[in-house]
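The data blocks that follow each hold one structure.
In what follows, chain A forms one complex with chain B and a second complex with chain C.
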Partner chain A sequence: MPTVIVDGKDIEIGAHERLNCIEVARRAGVEIPHYCWHPGLSVVASCRMCLIETGTRDAATGKITMMPKLVPGCQTPAKDGTVIVTNTALVKDSRARVEEALLIDHPIDCSICDKAGECLLQDYHFEHGQAERRTDLHPFHSRRRDVGPTVTLFVDRCIMCTRCVRFTREVSGTSELMVINRGSKEEISVFPGFPLDNKLSGNVVDLCPVGALGDKDFLYQQRVWFLKRESNVCGGCSAGCSIVTEHNQDTVYRLKPRENPHVNKWWMCDDGRYGWHHLHDPARLLSAGRLVSSNDDRETVEWSDVTTRLRQELSGAGRLAVAVSPMLTLEEAWMLCATARSIDQQAALFVGHVPVSGSDESFPGGFTIRAEKCPNRRGVEAVVALFESEERGWSDLVAAVSAGEFDAAWITAGYPHAWIDDTTAAPFGQLRCLVVQDLFDSPLAKLATWRLPAAGFAERAGTWVNAAHRAQVFAAAVRAPAGVWPEGRLYWNMLGRRGLYDPAAVRRQIAESSSSLAALGGEIPAVGVDLRIDQLASS
Partner chain B sequence: MTTFQPVLLEAVGVAGSHTLASYRSRGGYAPLERMLKEKQPTDVIELVKASGLRGRGGAGFPTGLKWTFLPKDHPGPIYLCINADESEPGTFNNRILMEDDPHQVIEGIILSAYATRATTAYLYLRYEYPQSWDRLQGAIDEAYAAGLLGKNIQGSGFSLDLYLHRGAAAYICGEETGLIESLEGKRAWPRIKPPFPAIEGLFRKPTVVNNIETMACVAQIARRGVDWFRSIGVPSDPNNPRDPGSYGPKLYCLSGHVERPGCYEAPLGITARQLIDGQGGGVWKGRKAKAVIPGGISMGLLTEAELDTPLDFAGPGKVGCLGLGTAAVVVIDETVSIVDFLHNSCRFFAHESCGQCTPCREGTAWSLRMLERIRAGKGRLKDLELLAEIGNTMGMMPGSTICGLADGAAWPIKNAIKKFRGEFEDYIKRTNPSGWMVTDPVPALPIVAAH
Partner chain C sequence: MKPTDPAITWLEEKPLGLTERLYLPLFLQGLSTTARHMVSRKVTVNYPEVRPTVGNPLIYRGVHRLNRDDAGRVKCVACFLCATACPAHCIDIVATESPWPDREKYPESFSIDELRCIFCGMCEEACPVDAIELTSLLDLTGKSREEMIFDKEKLLSVYDMTKDAEPMKSKTLAAGGMATFGTAPGNPTTTAGGHH
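Here is the complex of A and B:
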């Protein structure tokens, strides 16, 4: 195995791994500070923050020969015998000087800067900078430039790492951002009439190591140190991007991509990133309502009563059809199927409505936004297949209801956007009992005997299986609004299980009952697990 | 020295020297035709290697050696770029060559392309040379018409297309990878190396970048032979096996406070004093020289006492200068304030820094800001320490930047502070009698535009 020496410590790397010094040092627990380098972008080695001393160790004699000058860690490949030294006075001085240079023109306006608290310039200055200010003091000013519908640029805060410019060239492929002027007068800008307007634009804000690029959606909404972070999965489409939901007091403030080499790398799309506002929409259904007259008058029913009354009414209604929404988690879907079968052993289970919009959109950086706007079709299909021999979908259900095959239906939805029109909903009006579980009121919910609120994506816990059959497990980031029981909690109670809804217990049960989902039985890493791979097979 | 006959500049002043007929009448293109007929490309490389020719663009890298770095048996294309982005302050030798004897340059280009197996050559001309543009384009058209460029040159089977590309007036485009980026239509941000251009350069293909004067030298080596070339200049130091010597004639651009400024051809190794007093006719108005820039502003300063330094590739380095550079000798007489000189130098580099690497982008601007403050009578002795620190830590040599522009910006600062520290201290104490000793940060002056 090739061995790299980091600050005197031997680190083994894989024989075919192509790593730079920053990556190898990180494995050794040594952080080499850097601004311009990002694993997802090309190397420019221009910020000069990652300068280190390097050398080589002779394999035969063990003699170490050091290079006379500093080299950028990002640009220097780590090979067998590479010696990396990051703690010499030369390296420390060089870091302090780069920090000092970056602060010459930086307005120290941390108190009003959104990035404060997660700013690399701040962090590195505390760790590597110097306390004395030797430059001429400048009057504070912070110019702002609108670069696009989602992003605003605080020109003076920029340290010219050009990550954002490279992102638009290499990943989104749209090339809106560029560098104008020269030398210390350089600025990031766009051509007049060509704003930063693409579906990945929000990522440049994540990439920005300082507070130069601001997310208009998040700007001045919350101090970052108040935010709590929960690993989560985006429910916007079937790509299932790994994300972090950042929230405070059950209010979501922003979503950020979470690195996952198998799914979204370091990125997420703007549809997903800004697709959380429906969680706090005042129009959301916030209580369980039972129709009391045909005139859409509803009484609010306590949840403890809902579980019993629902079971009662559905058992007496006759033939039951259930639409299992692809917005549900695997565990919720399984419990819904189990609940339905416990009410009516002949209950027909259908995969719920799968919203599709346009076609898949791919970007040069290998990122794809899926046309299928639901996170868990694969998972729900797999669960329904455990109960039904034949897979039937939403259109089959609509046809069967129109043909009068059923007396009762339980439709789970939970879609953030309007998804059904009056015509499609009309046949459901003839049912003896209709249960609709959705985020918002809809033509279908108007007809419902029971109108139950659904949970939003950050309020659910469980497992989603994305378009590439990768199952990712996540916990709820925020609590559902008062009055809303997430589906999992309702089904758990309807199944008569004790205690709080425990997705892991359900998951184990599913894994035991199905060979295709057996992979879910084990420990699932943060990046998820590919269900198509036999996890038990020796590698 | 007085017997030295100009070779590269032999046509200067001759009426119609830029035409093909004139060049032919002086024996031009005959060596090229002979070489194409009799020699293999490797022979030409060996010839140039044997001559000891070092690149005339500034760094003085051995030209033949540079050509051998190209990958062997590369399927092509290989590109030859000719650097005529002559932007170093004080330098104009390329302009003289391009305006007065463009065919000499083109013959060198064809020979070099033949040697490197390049079939496409780009001549990157700085924007400010309209006359050179006209003359070169005229000469290229003539060469195409005469079958010296284009397909199957003189029936040799070798083809070469030469394109003239006009830059947009940026100093950084003279850096070889900055030039390549600019030629590709991008912002001229020098590339990180490795890979070096010989492996991956223009359009990601192997590329050689050479200076105009180097091309002229190649033409003359082909015409007059290796022995002639090696008979001129300074042989390599026998005690230093890594010294490749300084052979051949060199064009010195003499300007500043001299009686007869101009471009003079002299053997490498002429001392600054010989050049100023001989060709230059002495310092202007009989004054004394205070300092002399040995080879373009980025090389630093020679003091009056150091004027006997030989201007070869090794000489200026021995007295603390960066090197010979472009051999643009600028004389600064005793009436000039060295503070003003350094301010001017800093202003140039702050303006021309490409802004890619933090130490250069901020360091050049910071030093300019300090010099502006010093000149406004608000200098402090501490500023000299800071300036010296910036000078010592910025550049490719300490490893803090990608290209050599920062070294060029650092050397005048370093040299001026080291060699003229007394004058700086006097100036600061005189102009800021109450504040020269202060060490606290001071409020900045209203920003004076450097652009």
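Here is the complex of A and C:
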């Protein structure tokens, strides 16, 4: 095994691993500060923050020969016998000088800068900078330049790491951003008439190590130290990007990508990033409404009564059809199927409406936005297959209802966008009992006997299986608004289970009952688990 | 911090000397304090009939105010540092982009729940632009809880009301103003005026 020596400590790396000094040092628990280097982008070694002392150890004699000059850690490959020293006076002095040089022209407007609190310039200055400032303070203001519909640039705050420029060239492949002028006059800009307008533009804000690139959607909404972070999965499409939901007092403020080499690497698309606003839409359904038979009014029913009355009415209605929405988590879908079968042993289970818009959109950096705008079709299909021998979808359900095959239907939806028109919904009007569970009012919900509110993606807990069969487990980031029981809680109570909804318990139960979902039985890592692994092993 | 923390230096209590063990000398010492206060000048007043005098408005911690800049705009830049420092969580700010070219950000709304406030002065200390200050207004009353939540307009009106009697502290301190208010005996900042 190749061995790298980091600050006197031997670190073994894989025989075929291609790592730079920053990555190896991180394994030794040593953080080498860096601005311009990012694991997802090419190396430019321009910021000079990661300068370290390196050398080689002779394998035969064990003699260490050091290089006379400092080298950038990001650009120096670590191989067998590489010696990395990060804590000498020379390295520390170099870091302090880089910090000082960067701060000469940096406006000290941390108090109004959105990045304050998660800014690498702040963090590194605190850790590696000098206590005294030797230059004059510049004006308390940064020029602002509009670079696109989602991103704004604070020109003077920029430290010219060019991460954003490389991102648009290498990952999004759109090359909108560029460096104008030279030397100390360098600035990030766009060509007139070609703004930063692509589906991945929000990522440049995450990449920016300082407060130069600001997200217009988040600008001045909240200081970052007030935000609480919960690991989540994006519900925008079937790619199922790993994300972090940042929230405060049950209000979501922004979504950020979470590193997951199997799914989204370091990125997420703007559709997902800004696709949380429906959570706080005042038009959301916020109470369980039962149609009052005398007119079109609805009475609000207490949730504790909903569980019993719903069971009563559905069991008295006759043949039951259930649409299991691909917005539901695996656990919720399973409990819904179990609930339906406990009401009517012959209940027909259908995979709910799968919204599709356009076609898959791929980017040069290997990122794909899926056309299927729901996060859990594969998971719901797998769950329905546990109960039904034949897989039937939404169109089959609509046809069957039109043909009068059913007397009652339970339609789960939870789609953030309008998904059904009057003509499709019309046949459902003849049913004796129609239960619709959705985020917003719709032509279908208008016909419903029971109109139940659904939970948004950040309010759910459970497992989603993405288009590539990867199951990711997450907890609810925020509580559902007052008056809303997330589906998991409703089904848990309708099944007569005690205590709070516990996704892990349901998950274990699913894993035990199914060989195709057996991988869910164990501890699931943050990056998720590929459900096909067990199937490959058994075949 | 645990009792075993190496940063803690543990000291042995000194053994009692002869005077301590005799008890009576210390007893008399305490009694003499009581006797001295019986004859000394009274500091209590019959509030509200008699208004107490505020010794030094620069260090008094009464009702808050939001200062205005030279153009009459609110000085606050909505950095949330007061809300961050506030131990009672009584400050609520909604920030937005400012309509003025020389400023990036300003508070769209700024409210302080005066009932929740503990008047510790941390907000004033945290403020990087000297926008929030505590005045020497000490009688704070209201008929409802809502009335005691001071919004931006009310806090600005407190400034308009008090600015003549109590100029902005940063300016007063810069002009060595502490000396003019230097009634607090032994106040070390009396001589340190103008350190800004």
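Some points to look at:
Everything that follows uses one rule, which is that the second predicted complex is superposed on the first by the 529 of 539 C-alpha atoms of A that agree within 3 Å, B and C clash if a C-alpha of one lies under 4 Å from a C-alpha of the other, contacts with A are read in each partner's own complex, and residues count from 1 in each chain.
Basically, a residue touches a chain if its C-beta (ideal position, glycine included) is under 8 Å from a C-beta of that chain, and two chains touch if they have at least 3 such contacts.
Predicted, not measured: the structure shown is a model, and the values here were computed from it.
Per the definitions stated earlier, placing chain B and chain C onto a shared chain A by superposition produces no clash, and the two fit side by side. Between the Cα centres of chain B and chain C, as seen from that of chain A, there is an angle of 90°, stated in steps of 10. Once the two complexes are overlaid on the shared chain, A:M49 sits against chain B while remaining clear of chain C. In the superposition on chain A, A:A504 makes contact with neither chain B nor chain C. Contacts of A:H141 after superposition: chain C is touched, whereas chain B is not reached.
Superposition on the common chain places the nearest Cα atoms of chain B and chain C 15 Å from each other.
Put simply, chain B touches chain A in their complex at residues 170, 187, 189, 192, 350-359, 361-366, 369-370, 373, 386, 393, 397-402, 441-445, 450-451. Residue ranges on chain A touching chain B, taken from their complex, read 43-49, 51, 69-72, 75, 93-94, 97-98, 101-102, 104-105, 133-139, 159-160, 178-179, 181-186. Considering their complex, residues 77-81, 84, 95-97, 102-105, 128-129 of chain C touch chain A. For chain A in complex with chain C, the residues that touch the partner chain are 109, 111-112, 141-142, 144, 219-221, 223, 225-226.
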